[in-house]
Amino acid sequence: MVFTLEAVAQHSSSKSCWIIIQNEVYDVTEFLSSHPGGANIILKYAGKDATEAYEPIHPPSAIADNTPPVKYLGSLDAGSAHAISQAKKEKKKTQDEIRVELAQKLKPPLSRVLNTLEMEKIATKILSHKAWAFFASAADDRVTHEENIRAFSRFFFNPRVLRPVSTCDPSTSILGFRSTIPVFVCATGKVKQGHPEGELNITRGCGRTGIIQMVSSSASLTYAEIVEGRISESQPLFFQLYVLKGERAPDRVREAERLGYKAIFLTVDTPVRGNRELDLRAPFVLADQEREAERLARKANPDAPMDPEIDYEKGIGEPVARLVGADDDMSWEKTIPWLRSITKLPIILKGIQCVEDAVLAAEAGVDGILISNHGGRQLEYSMPSIEVLYRLRKEQPDVFSRLEVYMDGGVRRGTDVLKALCLGAKAVGMGRPFLYAQSAYGDAGVERLVRILETEIILGMRLLGATKVDELVPEMVERVDWQPLVAKL
Amino acid sequence: MVFTLEAVAQHSSSKSCWIIIQNEVYDVTEFLSSHPGGANIILKYAGKDATEAYEPIHPPSAIADNTPPVKYLGSLDAGSAHAISQAKKEKKKTQDEIRVELAQKLKPPLSRVLNTLEMEKIATKILSHKAWAFFASAADDRVTHEENIRAFSRFFFNPRVLRPVSTCDPSTSILGFRSTIPVFVCATGKVKQGHPEGELNITRGCGRTGIIQMVSSSASLTYAEIVEGRISESQPLFFQLYVLKGERAPDRVREAERLGYKAIFLTVDTPVRGNRELDLRAPFVLADQEREAERLARKANPDAPMDPEIDYEKGIGEPVARLVGADDDMSWEKTIPWLRSITKLPIILKGIQCVEDAVLAAEAGVDGILISNHGGRQLEYSMPSIEVLYRLRKEQPDVFSRLEVYMDGGVRRGTDVLKALCLGAKAVGMGRPFLYAQSAYGDAGVERLVRILETEIILGMRLLGATKVDELVPEMVERVDWQPLVAKL
Amino acid sequence: MVFTLEAVAQHSSSKSCWIIIQNEVYDVTEFLSSHPGGANIILKYAGKDATEAYEPIHPPSAIADNTPPVKYLGSLDAGSAHAISQAKKEKKKTQDEIRVELAQKLKPPLSRVLNTLEMEKIATKILSHKAWAFFASAADDRVTHEENIRAFSRFFFNPRVLRPVSTCDPSTSILGFRSTIPVFVCATGKVKQGHPEGELNITRGCGRTGIIQMVSSSASLTYAEIVEGRISESQPLFFQLYVLKGERAPDRVREAERLGYKAIFLTVDTPVRGNRELDLRAPFVLADQEREAERLARKANPDAPMDPEIDYEKGIGEPVARLVGADDDMSWEKTIPWLRSITKLPIILKGIQCVEDAVLAAEAGVDGILISNHGGRQLEYSMPSIEVLYRLRKEQPDVFSRLEVYMDGGVRRGTDVLKALCLGAKAVGMGRPFLYAQSAYGDAGVERLVRILETEIILGMRLLGATKVDELVPEMVERVDWQPLVAKL
Amino acid sequence: MVFTLEAVAQHSSSKSCWIIIQNEVYDVTEFLSSHPGGANIILKYAGKDATEAYEPIHPPSAIADNTPPVKYLGSLDAGSAHAISQAKKEKKKTQDEIRVELAQKLKPPLSRVLNTLEMEKIATKILSHKAWAFFASAADDRVTHEENIRAFSRFFFNPRVLRPVSTCDPSTSILGFRSTIPVFVCATGKVKQGHPEGELNITRGCGRTGIIQMVSSSASLTYAEIVEGRISESQPLFFQLYVLKGERAPDRVREAERLGYKAIFLTVDTPVRGNRELDLRAPFVLADQEREAERLARKANPDAPMDPEIDYEKGIGEPVARLVGADDDMSWEKTIPWLRSITKLPIILKGIQCVEDAVLAAEAGVDGILISNHGGRQLEYSMPSIEVLYRLRKEQPDVFSRLEVYMDGGVRRGTDVLKALCLGAKAVGMGRPFLYAQSAYGDAGVERLVRILETEIILGMRLLGATKVDELVPEMVERVDWQPLVAKL
């Protein structure tokens, strides 16, 4: 069937909600309540074209895959499609778009980027405010986020000298898969918000450098597209799993296993989404930018008309949006056996935040744990990850021999990686640094980032007197009792 | 009897001191020595209209209630009343009034306010300097005030995962009264200085959200007016008691009990008022603002006349004003039995600041203690409240089973509330945040503040792995040995 | 005999060095090597009038008292005296003099000053750079000076409630002499640099408020003048003693005893003067100010002549000037018995900096010790005074019963005084705050400062639950393990 | 043979690489792979005149000494030599050169410099950016570099009073050689980058003041030239040794011994060069300065031609350059016996960074260890040197009696030196402060620096109550548990 814009516009409420994606018309009325991002964000586009909002955060095929409850209705007529295309062309640039365009022009060549902090600095400039706010956001006042980073600065080295270090091998194995350095990419959602190629930038960069990518349940490409984007068939991928209520989780797990993902990282720290205020504040910031620009324009030309499109008060009414559909009744008794029953893949718990739960995980017989507080995005004042790892080493060192232990949160330098390994981590995960690298420079940025880390890790190992990762031992690090200076962006 | 302004003006000394309030004439000569705010502040208005100074900090009926020793003399004649009203209209706006008017216009909509810090930021802009100085003031250099807040940042969580948290109930009971969240509003004086509706904003906001308000002895409305302002008859209120010398304290307690207040929070940390320099400095700041404005005006127009009304040297001669009439001879032996003898209401000691006194309170058989240093307004370098609670938990955990323990001071986030509850507090009090909320947005601001806290508390409980307040246990918090970053206004 | 300027000018070298003070001519050639401030500073004025440099730091009669080796030669002739007076009048004001004059005009009334920090802030503005540099100077990078202050912030109170505090007596006795508050004024040199009345401002202020002044060996008035300046005959004064080599120390001690001074505070931390860089740098700063003013003038008027009087390179060649004549061979074995043998006054050691020496002092049988690092002016990284007191209380509490213990260094608030008293100090000394108070407001400033301290001390005692100084006990303070915020100027 | 510029220009690749130094032509093709600074830096000048890059960092004779594999080919013809000289004269000044010239003019006279921090401040202004970046550079974020300095601030003194200190001797012996103060100059490379006289400034300054210079393997003068620059034949010099692969190390050691160097300081912390980002970033910074200057010029004059010589993207492709030829297979078993076998000089290990290795060194029978993390230039987060010394004193005090212990890293004040000596160091090394002193003021700067240190050390000893270095004992220092303020540049 063929529709006009006017016809679609009739269905603009929660009673009957149609939207247009890429000139195709969908009825999403029944889908509203199960949209992982909540109903409100869809209702903003009810009866209208939603392509621009949809594309950066969903795989192209996601909406089709959702039927039912999404109903495909038909196409727009040619005149309507043309009108949308025309409107897009004529749309006045926002202040934020103008800023981003200029920043992209002034971006330094990749060869100048010496470390992850510089990468983040550059990405911060070229990202749209909305994407930046999503990537940089963390719980409440971002204390745990910052403390993840600061915590590393309290661990100093006891470097050993006069050891032969002409050969140095920083590679390790993670769940039996080889990784050229003891680092993997942690799952992060909405990667396309930073760069049109999205997750594929990371897939390619990892493939070329020999490290492993963990793909998010909320990837902005389909799980299959990412598998297809690999450099070679032997490139391993891991799968991060959010358990949603109902029948979707088993489907996801089976799909991941079928596509060849090598492990399931079950997220256990997100029964509900954290309070991320940069995110919540982003619409206000953007509205204020437009408002201020208009005020200045009016000052220069008092006759300029008010722009009726600026919705000054637009924002988010609810301080915290719920993660719709998340299973917030997972438990040690129920969830692990259930997951074991539907997959043969290794199971790793992502989001362990204290020693007690690390012990429970070992008792539950999972294959690994990822000590993580979700990059400080979930519970504010969750203990910094490296501190949890340190406590685990001191209080329950036997856990390290019962399963593989990883950590993420605050890793920015090769020395951070080495500290975690000295304390017993098999490998460390990094999320935001890869988001920033791919946002600023696509897959080349990802590759550069791995090369920088590799250089820093090898250098650090040799200066520590270690030639293999298993020569990194607890005696090589010491937690100090003062607060050292912390490198700043 | 009827008086003219001229007649009143004859009585402008401490020998014979008349003042006008709302066109009524009072002889306050004998009252001077017992005015809780001191004689000097009244003498500033001796022989003059004092309405503008009186209204923001007293219940309208307070002056009438004070007879004797206040003597009602009669009314102003119509001409004098008109002259006062005219003078008020013609009064030039002060720099501070101009600033406040502009700030009120630029105030963001309430829906944009995401947390208590933002609420304070906004209130700071729209409050008169005098009101702000009174609310924000704390002892000496405000160290204890700031350390109350900073102390919370040293407590981190050990969050537990894989616990079913789909249902989560943050409610508790305080002295047997249900509260939707483990937070109550602490008593603060002179609330009307921030908003014309004063305490009623808080009464209504608490009623609508189901939390309990503690009303100050120094409320700017009568205790009865506040009772009448409740949303329903079942809404509980607590009464904060300053014991004054002489016969007034028993009267107050009996009045409170008769009006239906549910508990007496006896303030024990204020035998004398603290040294609050923001308050003391406010007149100088305001005078300097006028002076500077005049200097600039004169620069532009050298012929402008000097404004004879600016009293450049006005200020407070005494570094610290005494709290007139406070009973500074209260004692464990005398005061508790006396209070028990005049009321059947539960008695809570407000202002316990060390472990030793918490133990004495338990031995004295009171119903509860509020660990508090008066928001840092009394003794500078009093130990931060959460640190006192932590010491009590470590050194005398049995106290928690002998009476209810509350704390206030520095609570700004839901996570702060949870930390206190993990350490054994039954509920926490908050004062300034509610002052700021009602100043900026009236009762809607109060309601918003409770909703924000409720959202933060529920979120925090679920992410901690707790579904009821009694699942919050000491093992979930750890006091760390470094100084984390602290969120700033 | 009568001299002309030309005649005096012939004697301008270390071979023959004449100077003019108040139109009198002296031959100081033989005095050069024993001048406590060093020879260089005199040689700057060799053959010239030295009155302006001499007056702010010496008692008027000092030069006369020094004969021999100073030789009085006679007077200037009238023409020469007139020429000096004329030159003084015509002298162009320096940038620093211009700044000070303006600051004096803008100085707030004394009634506005609420605390010692404000007093210091004001004094810093109205002092000449040279005087400020001398008063504010401390060793090296002023770390110990600042840490003296910061150290107090690590001591918090455990305030006790429900104690009768309607009467509160902050008085104490020091070596048997009554003091209205447990504070005395520490000796500081060159007081006249800050105010023409110099030490007398302090004498009068102390007399009126009932506290005790310790007079410096290097006072800028004679010891007798200060005694004569007392409010009453019963006002006690203490004498600070620098032991100089040779016969002068016994003379000084005997003079002090004869004049009625009540105790000898023997300085033991100054065998040599500390490295005070603000002082050393002051001439460069002043020269640069003139240079910059000239540069700006020349910019406006390129024809302006260079001022030949600015000695751009003037400065101090030696990084550290020695305290000429100090006895740097004092010892426990020799010095205490010697001092006992020449005076019956109580002996107090000023400058004890560690527990071990406090014990030695008790064994040596002195009457008291003043724990002090000379306000951070001697050895950089000397332990902060309050920390030494704290260690003494913990490690050798018996010392407190064997002699009186005082401390100075970093005391700025009444709460600081109370912390020291809780830890066992009998009283605390304050130096710079009194220097600043008298510089800015003369004797009224000194009186105000004492009143502020008295108010703060009484308030603090009552809020702590103490009514007499001996109720201040160690249990009332706790040294905390974090670094609290510190009030800033 | 004689060559033209054109002829040389034919050999501009790694296949055939000729360069011109001082009008002499060399074929360095075979030398490329063994150049300690890497091949890339040479290839930049392939076929061209390299004099300007060569001179500041090499001894004049270095290139000649390298044959083979460097081949001397002959001279330039007169025309070519003239063309080079002409081009040099006509070369437009860079922004950095302009800045440096102005800074040199404004440099204060040496007599104004009061301490090492001021010396560094001045040098920072007058150094070329490239030289500054090389001197100031440290690993990664310069945390260890800064923490070396900050660590000293945690050590406070317990000064002793009433000890005779009129005579005070700060001299010590180092490996049997007398040093007027317990300080020696640590080896640093490329000294000529800061001043044309380079290492000789240090040699002369040390000779005049009686302290010992350690000469770097990478000195910018020949080892012989430095020996010849001594003040007298008895002036001792130490030799720092980088062991390079192959036969060169034995040659160097024998040459040093033959020339009269008195000890070998074998660097053990540099199997590979650290990640020094200031260094790596310097070319970008300089290019950006030119670019910005051109942008401003173009703004003023839009017709100005683009300068084709600015290579905007120039930089360093590899994040970390390897130290070509370093022996990264040194070991306790192999290296110490080997070195003993080729020299009779005392052997000291430079770069010990933990207690365990200090013990190994004692067991290996070396004559001394220098606790050092290479000024923070090697492994980031290596423990600060004074902290390692402190741990050694606490955990293995016997090591101090088995060999001489020195430390370097962060020493800026006489008090720093005294802290290290109290903890057991025989002497301390200083590197950067001498680099800065000679850069700013040549040999006079070096002499001034020693005099300042001497004054500070003597003053500190006397105020501590010590008259000889062996009276400096561990009881005189205490490591405190807070973070004091740190003096800033």
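Annotations for the structure displayed:
When the chains are written out, they are named A, B, C and D in that same order, and each has its own residue count from 1.
The criterion applied here is as follows: contacts are C-beta pairs under 8 Å (C-beta built on N, C-alpha and C of every residue); 3 or more make two chains touch, one makes a residue touch a chain.
Owing to the predicted nature of the structure, the values given are computational and were not obtained by experimental measurement.
With contact taken as defined at the outset, there is no chain that touches subunit A as well as subunit D.
Counting the residue numbers used at the interface between subunit C and subunit D, under half appear in both copies, so the two copies meet with largely different residues.
Among the other chains, the CA centroid farthest from that of subunit B is the one of D.
Rotation angle relating subunit A to subunit B: 90°, from a CA superposition, given to the nearest 5. If you average the Cα atoms of subunit B and of subunit C, the two centres end up 44 Å apart.
Spacing of subunit A relative to subunit C, judged by their CA centroids, is 63 angstrom. Under the contact definition stated at the top, the residues of subunit A that touch 2 or more other chains are 481, 483. Contacting chain pairs (ordered by label): A-B, A-D, B-C, C-D. Put simply, subunit D touches subunit C in their complex at residues 108-109, 111-112, 114-115, 117, 153, 155-166, 413, 415, 419, 451-452, 455-456, 459-460, 462-464, 475, 478, 480-487. Residues of subunit A that touch subunit B in their complex: 140-141, 143, 146-147, 150, 154, 268-269, 271-272, 274-275, 277, 280-281, 284, 313, 315, 317-320, 328-332, 335-336, 349, 351-357, 360, 373, 378-384, 387, 481, 483.
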